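Pasting the structures here.
Shared chain: chain A. Partners: chain B in the first complex, chain C in the second.
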Partner chain A sequence: MAAPRGYFLDRALLYLFSYNTEIEHRTQKIGIVPEGARYNESARVGDSRVYNVFREKSQGGLGPGFKAVTGRLIAGFDRALYRSDDVIVGDVQATIETDDGELIGTRYRATAYLRPGGYAAYVAGIDRAGTENVPVQAPIVITPSFETQASAYQFLVTHRCVGFGRADVIKSEIRRLSYDIYAMT
Partner chain B sequence: MTQPSYLASAPPLDLRSIRTSFLDKGIAYALSFGFTLESTGLVRKDERSLQLGLRAPPSPGANDVVFHVLGGDRVPGLDKKGRDLPAGFVVKPLDATILFHAQQDPSLAPLEDQELVFASLQGRLTFEATPSDARTRGEKTDGEPIRISVSYDGTIQPRETTTFAALKLPPAQAIRASAFVAPFFETTHPKYHWLTENACIAYGTWALEESGAIVASFDVYTVE
Partner chain C sequence: MIYFRITIGANHLTTVPIGVVTGGYRLQVTYGDGITFDGFTSDGDKLSGKVIAGTDLVLLRDDGVAVFDAKITFQAQEPKSHTFDGELRGRVDLKPIGFSNRIRNKTDLEKLDKPLFVTLPIQFETAYPNVLPGGPFAEASQNARPFADLARHQFLAIGQFDIDRGQIRGGELTIMSVGDLAVADRLLGQLLDKDGLDLVGKDVEQLIQIEEKLVRALGNDRKDALLAALNKVRELLAGSGVSWDEFRPMFGRIHDSSPPPPLSTH
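Then we have the complex of A and B:
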């Protein structure tokens, strides 16, 4: 067998945009399914924002002619699976409408770790993490890909992205999500 | 484009209350692996894309193994507590599909003359412990080797300007690309369960060799 590669491959992350989304309080608790426990959650569309942390108008790092992504979410839905091995895996679909009226679709997987025994405690209703005054902030990471026909945002289509996020958790329910989206380059 | 009617009553965006700092991001090296695949054929999907089907070769390639770039079988992990990586496991690809895309602009030029901008790929493979691996031997009592399921999807971007005309089987000249994928690990083995607890991203090299084989190598990172 040949000797394995002895050096790291180049890697970089390029900041693209951020978004906040409020989550509807009425979680659809599908309940226990063969893979774990299923919970469907929706974004509160009117309260969701897509923005650039730097308030830039163009997308830096990709050359001229690329617009910064700003706007709002007009749809967002997550089929979250709380797995019995204490891992939450989300299956999210969302649509962004940019300030210039273009539509960008996205679908991605979200991953978060509860804690050892977290699944059993959650489905039994024992866990009540976070309060209205002091929400628990939990890290969530997503790996989105984007679709759009808008030429100004084609850079989203050609890149694989990763989103570093935080979930505000109140009484063990996610109430707000905030992400910074980066392109892998 | 005018605003859709269902948003007519939505409040205007107020950016003053929105954060101006980045969220923390954690990224930690997890493992590296390589794999080899055989091409099964090119199929034209539409006016702007071509699909390459792939399958596992009869025997693994020389570099189809899980390894640590710096040697060893431990990594610090995101929490710096130390994690075992499945070093020495054989990579057994199952299948993969790659869709090569032309530019978004539907120009009148025939597909063969258009530049290959990027490709989307998805596939499945398995990491499997070898019986000769003394470190893992005996960890499963049912006689089955330890296996880790990996599914992945992402994009590849050619390193040099390439047209669809050059995309043949086998190609006259190797087509090399950078690959960016999100792998998803599944295992119940407690030693490697940490791979399933965090999202992962992988940076890689990808090549369609003159023989028609795909040779790829990836560095995987866990992110938080």
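Then we have the complex of A and C:
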């Protein structure tokens, strides 16, 4: 049996791209189900952008083959569950059309923890967190996987990715999502 | 048991080819406006409404199998306004429509140009009835009772998708519980055995007689659901030329001579 290590294995997060998603104002409330409260959210695809924070065309310094991803969402759908343990879990399918005309499909789970007692207050209708002027910002972590046939974006397929995001919450409804996507290398 | 038919008019599904991915060819399918459904609740009340959202990432696998993974949101107008979710997931062999090889490009994809008969598992999510007096989920809860069986049983979607040059554009799906299908199938099998009928002949009059016997045997409370299943059997058999024995596995049925299970009051 190998001896326990006394050091960490090498790891790094490689920034890939960011995106902002505007959420349709009218969420579809499925209702209270055994695990919690179920609702669906759709992206307003015309208002949802994919971009590079550094406005770069390639990921300089990290070797060839990492083309910057810029474009827009052409589909985005989230089956969300606000669990009774105050954790929101998302189940997302989305498609990106890049500015050079390639299509990238993605699906992922999202996890967000708002606050203790948030679920009970939300379903009872007494939690109206966030306003138009001062939205509450909730952290969200996603683990997307990507699919594309475009050779320029194969690095998305060959790496496991993670996204760190913020949800803008207005009157306890998520109105905007913003993520930074990284490859775990 | 609750059942309904989803009617997807031409061009109410939008297909975007994402392209070749690991293991197959990926399509993004979006359910658009104009998709309706109608049927009956478990209490026999009329059920109708429309699809308000839906998406699927269909994988046309390299071994000639289509894998569906659709999330569909339904908005009922009858018997009450109510929103519920469906998850349509499963596989369909593309061999019967001439596909057993990998799709490498759009030219290959466009050769998919025939109706695709499907039998896919579908499961639903809907609210607990009458558990919340107020709050954002109160309406969903108040109107949920006629739909409660959707969340308590396993259902199948039987029908077809219309495919036009690689684009999934429309279709029709009949949604029935596995229990109803099993009962209908078993009783139909018994009647066929008893009467010595052969569906290969596709004699419509004979089939109508079988339906009438079946309805008499079961009573009216389940008549519509069972007739829907039988109609679907008839349509598919008439259109395909396959025999009942060939068709039977679609229902996952083990044919035997034991009496049918007792009927529930749903």
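The definition used in the following text is that the second predicted complex is superposed on the first by the 176 of 185 C-alpha atoms of A that agree within 3 Å, B and C clash if a C-alpha of one lies under 4 Å from a C-alpha of the other, contacts with A are read in each partner's own complex, and residues count from 1 in each chain.
Criterion: a residue touches a chain if its C-beta (ideal position, glycine included) is under 8 Å from a C-beta of that chain, and two chains touch if they have at least 3 such contacts.
These figures come from a predicted structure and were not determined experimentally.
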Contacts for A:122 in the overlay, against chain B (first) and chain C (second): which applies, first, second, both or neither? second
Once the shared chain is lined up, is A:40 touching chain B (first), chain C (second), both, or neither of them? second
Quick check for you: in the superposed arrangement, does A:32 touch first (chain B), second (chain C), both or neither? second
Touching A:149, do we find chain B (first), chain C (second), both, or neither? both
Per the contact definition in the header, classify A:74: touching chain B only (first), chain C only (second), both, or neither. both
On chain A, which partner's contacts cover more residues, chain B's or chain C's? B
When the two structures are overlaid on chain A, which partner does A:93 contact: first (chain B), second (chain C), both, or neither? second
Quick one: is A:109 in contact with chain B, with chain C, with both, or with neither? Answer first, second, both or neither. first
Between chain B and chain C, which residues of chain A are contacted by each of them? 74, 149, 157
List of chain B residues in touch with chain A within their complex: 1-4, 6-7, 10-11, 13, 15, 18-26, 29, 32, 34, 62-63, 65, 67, 69-71, 104-105, 117-118, 120, 153-155, 157, 180-182, 184, 188, 193, 196-199, 201, 203-205, 217-219, 221, 223-224
Complex contact set, residues of chain A against chain B: 1-2, 4-11, 13, 15, 18, 20, 45-46, 49, 51, 53-55, 70-72, 74, 85-87, 97, 99-102, 109-111, 113, 139, 141-143, 145, 149, 151, 154, 157-160, 162, 164-166, 178-180, 182, 184-185
Chain A to chain C touching residues, read off their complex: 28-33, 37-38, 40, 42, 74-75, 77, 79, 91, 93, 95, 103-105, 107, 122-126, 147-150, 157, 172
Would you pull the chain C residues touching chain A in the complex into a rising list? 16-22, 26, 28, 30, 52-55, 57, 71, 73, 75, 83-85, 125-128, 131-132, 134-141, 144, 151
